[in-house]
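One structure follows; several queries about it will come next.
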Amino acid sequence: MSMVDITAKKAVYREAVAEGVIRLRPETIQRIRDRSVEKGDVIEVTKAAVALAVKKTSELLPLCHPIPITHVDIGFEFLGEDRIKLVVRVKTIAQTGVEMEALTGVVVGLLNIWDMVKKYEKDESGQYPETWIENIRVVSKVKSLHA
Amino acid sequence: MSMVDITAKKAVYREAVAEGVIRLRPETIQRIRDRSVEKGDVIEVTKAAVALAVKKTSELLPLCHPIPITHVDIGFEFLGEDRIKLVVRVKTIAQTGVEMEALTGVVVGLLNIWDMVKKYEKDESGQYPETWIENIRVVSKVKSLHA
Amino acid sequence: MSMVDITAKKAVYREAVAEGVIRLRPETIQRIRDRSVEKGDVIEVTKAAVALAVKKTSELLPLCHPIPITHVDIGFEFLGEDRIKLVVRVKTIAQTGVEMEALTGVVVGLLNIWDMVKKYEKDESGQYPETWIENIRVVSKVKSLHA
Amino acid sequence: MSMVDITAKKAVYREAVAEGVIRLRPETIQRIRDRSVEKGDVIEVTKAAVALAVKKTSELLPLCHPIPITHVDIGFEFLGEDRIKLVVRVKTIAQTGVEMEALTGVVVGLLNIWDMVKKYEKDESGQYPETWIENIRVVSKVKSLHA
Amino acid sequence: MSMVDITAKKAVYREAVAEGVIRLRPETIQRIRDRSVEKGDVIEVTKAAVALAVKKTSELLPLCHPIPITHVDIGFEFLGEDRIKLVVRVKTIAQTGVEMEALTGVVVGLLNIWDMVKKYEKDESGQYPETWIENIRVVSKVKSLHA
Amino acid sequence: MSMVDITAKKAVYREAVAEGVIRLRPETIQRIRDRSVEKGDVIEVTKAAVALAVKKTSELLPLCHPIPITHVDIGFEFLGEDRIKLVVRVKTIAQTGVEMEALTGVVVGLLNIWDMVKKYEKDESGQYPETWIENIRVVSKVKSLHA
């Protein structure tokens, strides 16, 4: 096993967009929209968690190169009455791509949403029959000589 | 916003099992099974990444309480020819549950699989049209006075 | 040098409240109140940064014992037109107090406010003539057998 | 919310100096000067804590870019009989400034001083009536094409 | 104390190789070779631990500069019937060398081997009379204008 | 692979002492004793690095349980004219032993000594022909019902 050798590669502009979806109860979605979740503002706290997670990627994935991050953008989209899509865009000037960074932002962001609304999603026996995360993808990757 | 007050709760036995699935090309799955992925042994490195991630949960999720982890068990299941299911079980004696820890193990483990097989999943323009993560769930939670 | 030996001490209820103040331009304070700061919602992101920082205390201070945190509460108070006071309360059941944890939450929270409004505080030469942090104190410490 | 896009900015020489003051009892200050604090050498341990904290800045502040640090210098000044001023200088070649890094070094360093002398600052009820941190400022920022 | 000023140094190609040896019981070595250690595959998990540790070097050593890592290669050699040598090669394009990174990979890797085989190395009173780590060295350092 | 299940084990008093030796040039040892090493006070900075490293053990070793640390004690012994022995004692009340924590403190401490005296140990081609780390051992482990 080894971390791929990128020593001789040129640092160029890289961008990656990843996304994923969390399925929640409609009442929970409504609370998030109303900013009435008891633990705090889900959207804003999730943004902070995503930005920090993107920067932690190479600490979580053993073979991921540590790379500078020059931009993180985070978007939310409400799909129907029971889903939130989280979209994370990451930019860098580096020798390797940032899709793992964008994906790490997405999964940690979706988990943070879950963590903040646990109370509203559990059934009477403490299980989560109606909560799941799905459709985590890399939407696009860009690599070019100019930003 | 605040981290829920669990000061007065009694530390009891807690267990959570979470799972998730990554969809890969059949040829990539075959390489993982043959242990012929160039970056190393995907299953074993993923286990290490999961165990470390479980312990990092409260660093990733702002409102998650730091809790002792007394056991982590990690399982893989090959579903059909193009999917791997990752199952993570976490145990503790604590004042709050460990479902976020089990989920964190699952998502970081699935991302690590992706990271190690990127080369075999990218198309000629560097995109990932056939790779995604899906069906991340809490399978079960247990809470009882005795381990 | 050594980390004080607390092995034989009994874990009891502990609570600490710390606070501190950041001085900003009145226009910046107004932007924070209006939630019109370009980088995001200063109050909400700061809460996330505080909660995470409290949990990182023993990683930052070499001789600080790692202790479980059972509650973090974060409050903001606008003082006059040019100051924000940040108050952080931390609880635990542990063998040693949590004042360093509360203080760490306060200083990181105040720095996060600064980081998010840098643009509005710099003068034309990039300096910060009107920005400072002051009056960081431990407001109270509690130690008792019952929570 | 997003991390400001610095992708297209040129990496140039940057320097920032920040400072802050801790107020302690004169007897505590004397112990620090005599290197007779029981927990160890306050000045030297604080230097280590500052250097590590400077490097952790982007892990603590969600929207702070991770940047390389090429120099950290740490100075102490005794003010009167009851105050210590801590001054931290940070240098880099980067696309954005290092004032948050210098400030992070200052606040963590001041907290470390506090942590090491807690015993001498507490009153009989465990409170800190005579201890506080004040006057945390960015003293200067430099940005130029040449180091 | 200060972190050496490397601001004006040119980033050039750097490489370092470090190694170290762990002495274990012959039966333990045999288990590692057979991949029959109960805790998992020692070689593969150690590789993951080494790669992550190399990236953590500047968090562990206060005066170590954070530098990009462009390659990590990890090798194992069985010496006689009772020793394993671990060799770690690290590459970068940076202003300072990577020997501390290679050494950090070696010591954490050797400790991970120990951690995974504790059960087979302890005597009946829980001591480790036959286990030790030795001969940790920098084998070579390279610095040149071209990778 | 799994992290050993310690859920049902009772938390009892645990103590471990580990040690290791670094071989340096006699002139370097003299500088350390004289506290004339340019980078700072090697003994004091090393103590800080050891205390922090002990607390990071479970982040470095994938299968190591996170456990509370209630005491760390760090000692130095000069052996002859060219060696320093570092001894680290760790205590806890936990379900598993702390020998990996003591060992982690030792290896990171020895690396920190090396890092601070690199300049005096390198030969004219930048190599370290006279520097090595040796004899890292667990000196003793204690486990008992009472601290």
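As written, the chains take the letters A, B, C, D, E and F, and residue 1 is the first residue of each chain.
Simple rule for what comes next: a residue touches a chain if its C-beta (ideal position, glycine included) is under 8 Å from a C-beta of that chain, and two chains touch if they have at least 3 such contacts.
Everything numeric here is computed off the predicted structure, so don't read it as measured data.
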Chains touching both chain D and chain F, listed by label: C, E
Chain whose average C-alpha position is farthest from chain B's own: D
Of A-C and A-D, whichever chain pair has more C-beta contact pairs: A-D
Maximum centroid distance from chain A, chain identifier (CA atoms): F
Which listed pair, B-F, B-E or D-F, duplicates the contacts of C-F in over half of its pairs: B-F
Centroid spacing, where centroids are CA-atom means, of chain D and chain E in whole angstrom: 32
Intercentroid distance (Cα basis), chain D paired with chain C, Å: 15
Intercentroid distance (Cα basis), chain E paired with chain C, Å: 37
Overlap residues in chain D, where contacts from two or more other chains coincide: 1-2, 4, 40-41, 44-45, 47-49, 52, 56, 59, 62-63, 68
Interchain pairs in contact, sorted by label: A-B, A-C, A-D, A-E, B-C, B-E, B-F, C-D, C-F, D-E, D-F, E-F
Contact footprint of chain F on chain C as seen in their complex: 1-8, 58-59, 62-63, 65-68, 95
Complex interface listing, chain A residues touching chain D: 13, 44, 47-49, 51-52, 55-56, 68-74, 91-93, 147
Chain D-touching residues of chain C, taken from the complex the two chains share: 1-2, 4, 20, 39-41, 45, 48-49, 52-53, 56, 59-64, 97, 99-100, 103-104, 107-108, 110-112, 114-116, 118, 126-128, 131-138, 140-141, 143
Residues of chain C defined as touching chain A within the complex: 40-41, 44-45, 47-49, 52
